[in-house]
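You will see two complexes here that share chain A, one where it goes with chain B and one where it goes with chain C.
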Partner chain A sequence: MRAAAAVLRRLGIFALTAVLASMVVFALLAVVPGDPAQVALGLTATPEKLAAARAEMGLDRPLPVQYLDWATGLLGGDLGTSAVTGRPVGPELASRAWVTAVLVAAGMAVAVLVAVPMGVVAAVRRRRPDGMLLSGLSQVGIAVPAFLAGLLLITVFAVRLQWFPSGGWTRDGDGLADLLSYLVLPAISLGVVQGAVLARYVRSAVLDVLREDYLRTARAKGLPPLRALLRHGLRNAAIPVLTVGGVQLGVMLVGAVVVEKVFVINGLGSMLLEKVGNRDMVAVQGIVTVLVLAVLVINLVVDLLYTVIDPRLREAP
Partner chain B sequence: MRTFGASTGGASSGAASSGAANTTAASTVEVRDLRVHAGARELVRGVDLTIAPGERVGLIGGSGSGKSLTAYALMGLLDDELHATGSVTVGGVDVLRAGERTMSRTRGRVASVVFQEPMTALNPLMTVGAQVAEAVLWHGGGSRAAARRRAVELLDLVRLPDPAGAARSFPHQLSGGQRQRVVIAIALANDPALLICDEPTTALDVTVQARVLELVAELVRARDTALLFISHDLAVVGAMADRVAVMHDGRVVETGPVREVLGAPRHEHTRALLAASGTGGPRTRPAAGVGHSALEPAAPDARPVFLAEDGTTPLIRARDLRRDYPGRRTGLLGRSAPVAGLRGVSFDIAEGAAVGLVGESGSGKSTLLRLIAGLDTATAGSVEVAGCDPATADRAALRRLRGDVSVVFQDPAGSLDPRMTVAQIVAEPLHGLPRAETADRVREVVASVGLPPDALERHPHRFSGGQRQRISIARALVTRPRILVADEPVSALDVSVRGQVLDLITDLAGSHDLTLLFIAHDLGVVAQVCDRVLVLADGRIVEGGPVGDVYDRPRHPFTAELVAATPRLADALRQA
Partner chain C sequence: MVRSGAVIVGLVLACALLSLLWTPFDPLPTDAAARLLGPLTDGHLLGTDPYGRDVVSLLMYGSRITLLVGLAAVAIALVVGVPAGIGAGMAGGWVDQVVMRATDVALAFPALLLVIVFGAAFGAGATTAVLALGIAAAPSFARVARSGTLQVMAREYVTAARAANRGPLWIARRHVLPNIGGLLVVQSSVAFSIAVLAEAALSYLGFGTRPPTPSWGRMLQEGQSHIYDHPLLVLWPGCAIAVTVLGLNLLGDGLRDRFDPRSRAPEGTAAL
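For the complex of A and B:
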């Protein structure tokens, strides 16, 4: 009962934040120089033509009206029409966002697969050579830029061994196997670096848990060290790691642009760069809004996961 | 009847002594020349200890004496960086040489341990029942459902109310005493031959402590479990053990029956421990035969407690003081009824009095402290401190009030900024004084708490617990307050230094004409420092008056219970 109320309250906060965020995004882009009518007509346009274009685009109306117009469109999935291309922003954005979502999800999966074992072993064996080696490796991993990892992977696995394509993405009609073959290298180059960062947090969370009294209680019951850690430690250690993982996921949505460039993938990040370069403000507005909403959804999911893991939060005040 | 050898490890069970030289086989615990090293440092320096089946042995010593390390060595649970040598046999298992496989079948089945801190001893993410069942499953096997049923039985055994409900709850839904009962249930799940208790009740309220100790004593006796009871509190050990071993600096310096060792100590360290522990305390128990029914009714006194003489103006005057905290959220927007921290207390305290504030955790002691120090405002009622009501005072008056009232907190390690020097810490409450005068005041007050002059430029981590509390006291006194509020100032300190710090507070209160408000859960400590006492229970003052009267002739059942629950060495020795 109380848990359900807590979830509802959290959803309410999410909705409120989403509305506020959309207002901020709209206001910021309204302030930024770059008149869509000017962009559409070019620098040679006469003032009369400009005014006519502005009226046609609805830019002469007061800002709150424009916001409401845009926001109601947003609710129906309409992100507006680009003044540069003359086409609606929505469909292109959707296909690009889908690419990035798949890439980031795969990258995160790689990161977790790397980070959890690496961090746990580095913590448990912190005084042994192998533990220290893993600790050192994760530091090296943090220092390697994703694009360098990508180039190395391409050189070895695409050019030399020819196991995977060196870049590109699936086209219509391709199967799951094709998608995976395109996905492997970019996901690894995105995930390994993030995994190295995450491993540091896993290590310190596990180190904290190892010092907890309840782990000593578990040992006193007779559980061997590793079993005690797996049964009583990992879920407790997951709480701080979840926080960092959520932040990383948000960062990766845009941060994936580097990997997208290296592997010639048309994702959200590269779309944002293109549209900023073209001064396509309607599209930029749409992309930023989608990114902000995605981050809010990630935070929401992380918050709800906390309550799944930790019974104390189910009855938070 | 058991016989106890006076020499180290000389105890033997009746069966064993009737046999030949082979006492080892019959002993539950046999420790020979145990040494524990941390690198080059020797922390335990050759301990010999024998515990016969069903025997109850107390292990006493100050912090750092090596008593906990000895217990960990018995369980084979020493940290990786510690190295143990010698021989430790528990229930026939050679602990120091056994592999992890053997030890994982020994721990929790042959020997179990209950640790000090019940609040953190249980996994917060797992139900209590699952954690008890785990101990059953690990050693006994059997089905999960059977283990769950057994867990409920065990929770019933340690007398948790509604054991089935308790099994489904998470640790945070239980109180400290209840959690310690759960830990005891886990420890006894497989009927071990040895139970080690490492300061199991130090973190609990006295009345809760009394009940938990009673439970342990009863269970251990009923199951003929050998007990190793570790504590710094001689009265508690005296009540729990047949035989005690006193540790100092990694060695057992004295061992023998409780009555001999604590009644007529031979080693100087034992004498020092005796002198330091609870020499004050309630002098006698309430007259025998006076049960609660014979006492006044349980309804708390609504009338103000006057600790000031008639006709004088009290320095602190509280009338019907209430403090409510918001209730927990219910539903989407609702909240349950407010939780009362203080339910209307009224009292007068005269200038220069030394008043003890006694009560269990949650009784409202700290809430009252915060109101008096102007750190919080009352929901209703009024408090007047040195003629100033913090609720209505303006900024200047509040600032004056904060100069008049100083607080010394419980944990000296946590209340000192580790990056500041002692001089900076002590000078911090002084505002707007010329630099030279500030330096003079700081030097003067640091000297008055008995710290050397070269302490000024050092950082807190260079000092021991007792010295850190002296720094806190110096910081409190530098503003030349009229009222000193001490919130459990010695409960985080080692027994051996408690006496010194209490003496210091008493001396300073006299020499600085301070009115002392002293919060403690330990009646003995209050008796050492205070002349008056206020007893709080559930947000109300249930009794107040001169210390001797309240302790010797408690009028309220709660006070009587508190007095009765306070462990006293004399009683322990009488029963031994």
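For the complex of A and C:
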């Protein structure tokens, strides 16, 4: 019962935070200097036409009413109509979000592939040179931001070796191989750095587990160290790592904004920069809200998974 | 770790201070005749950029911007976050609830996103970037300060002070602040390196310091268009960023071991 109450409380906090955050986004971008009606009609519009346009866009209503209208639309998946292009924001956002989702998923896969072996080896062989080298490498990796990693990868693998394109994304009719060739460098630049961060958590989680009695028992039974760790330890080591991994998924979502710019990828991030550039505030509102909600949902899922994986937390008040 | 971190950060600081007095060349004026010179030509140790400016001078000037932005962002975060966190921890009840829910909302906005939104709303530039970075970092300070305060408030000397009719401000100044100071130093070093990373990314995107003020992030952006013919132009500012952040992280980890021996997980700085 306590578990159910905890889950309900968590859901309540999620809903409250989501509503408040959407209010903040709306308020921040509603006070922006620059009148959407003016943007739509241009500088030559007469005051009468402007007033008519404002009435048609609903801009003459009080802000709370405008917010409610926008928020109810949001719940039904309608992100409003851009004053700049005159088209609804939703469909373009959805198609761009797909690109970013693919990129972030690939980045996360790279991060896990880097972090787990690196962290486990660094922990198990912490007193040997190779384990210490791995710890040092992850320290250096953390200091390199994703977009810088991207620029360096382009220099080496696109410019010098010409193994991969220096940027761009698949067009219609391209196969999986094309997608992969476009995906490799951005995914590595997004994932390697986060992998280095994650590796440190994997290392310290594994170190904690290695000190546990049950692992000593497993070793005493005659299991070799790595087997014992894999059989008994990984589940327990996974709990703290999962939390960090969730946080990192959110970090990558935003990191993708910069990486998309580096590799000229038409994802959500480049859409955001584009729309900020031509002052399309309805679109900016939509993108920022989607990104913030994504971060909140990721945190929620991590917290809920946490209670599922760790039975001790279910007992906790 | 503290030592190597402090040495690196000290070197960057020395570069920044030196740039106030002297740089090999004037970093601001452009010189079409001297553009894209290779390293070690005409007295330019690392060559010149696409506008004919000396790379070493630009890097030195950029270190000043980087440290200023980081420092200002941390200062804002301290001023906003710490009183909120101590207040929440000492008052408890609904004050605590309000502050904690506010940090929930603020944490939903990653630093980079907040700066872009602020840039869209109030115009991009160093001031907006610093403000947004500071606000983005404030909730973590509030949370650290709150949890530290809760521990201090459970101590007997606080109960004694209360029994002696000391007011909350006196207790906050005399007992709480000195005891959570170590935690705040550690958090500051983490926030500093996040701010440095974010500033680099933002200048790269055009949301940070504005031209012609040199910054490492924009050196990367300008270097990218010459990545085929002059890849070193990307390498130098890239190294500057990575080395600075490495130094700050080493310093932060060392400080953490010193001030907060119970912490198990090494906090990486997951800024970008």
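As a convention for this text, the second predicted complex is superposed on the first by the 263 of 317 C-alpha atoms of A that agree within 3 Å, B and C clash if a C-alpha of one lies under 4 Å from a C-alpha of the other, contacts with A are read in each partner's own complex, and residues count from 1 in each chain.
Operating definition for what follows: contacts are C-beta pairs under 8 Å (C-beta built on N, C-alpha and C of every residue); 3 or more make two chains touch, one makes a residue touch a chain.
All values reported here derive from a predicted model rather than from experimental measurement.
Visitor: Spot which of chain B and chain C makes contact with more residues of chain A, would you?
Guide: Ranking chain B and chain C by residues of chain A touched puts C first.
Visitor: By the touch definition at the top of the document, which applies to A:R96: first (chain B), second (chain C), both, or neither?
Guide: neither
Visitor: Quick check on the superposed pair: does A:R54 touch chain B, chain C, both, or neither? Answer first, second, both or neither.
Guide: Neither partner.
Visitor: Pick one for A:G222: touches chain B only (first), chain C only (second), both, or neither.
Guide: In the superposed model, A:G222 contacts chain B only, not chain C.
Visitor: Quick check for you: in the superposed arrangement, does A:A5 touch first (chain B), second (chain C), both or neither?
Guide: In the superposition, A:A5 touches chain B alone.
Visitor: Answer with first, second, both or neither: which of chain B and chain C does A:V295 touch in the superposed model?
Guide: A:V295 sits against chain C, while chain B stays out of touch.
Visitor: Can you give me the overlap between the chain B contact set and the chain C contact set on chain A?
Guide: Of chain A, no residue contacts chain B in one complex and chain C in the other.
Visitor: Within their complex, state which residues of chain B touch chain A.
Guide: Residues in contact with chain A: 75, 77, 80-81, 100-101, 103-109, 112-113, 115, 117, 120-126, 131, 134-135, 138-139, 170, 172, 183, 186-187, 326, 328-332.
Visitor: For chain A, which residues are in contact with chain B within the complex?
Guide: Its residues touching chain B are 2, 5, 8-9, 12, 127, 212-214, 216-225, 231-232, 235-236, 309-312, 315-317.
Visitor: Touching chain A in the complex: which residues of chain C?
Guide: Those in contact with chain A are residues 101, 104-105, 108-110, 112-113, 116-121, 197, 200-201, 204-205, 220, 223-224, 227-228, 231, 234-235, 238, 241-243, 245-246, 249-250, 264-266, 268-272.
Visitor: Taking the complex as given, what residues does chain A use to touch chain C?
Guide: These residues of chain A touch chain C: 13, 16-17, 20-21, 24-25, 28-29, 31-32, 139-140, 142-148, 151-152, 154-155, 159, 166, 193-194, 196-197, 200-201, 204-205, 208, 240, 244, 247-248, 250-251, 253-255, 257-258, 261-262, 272-273, 276, 279, 281, 284, 288, 291-292, 295-296.
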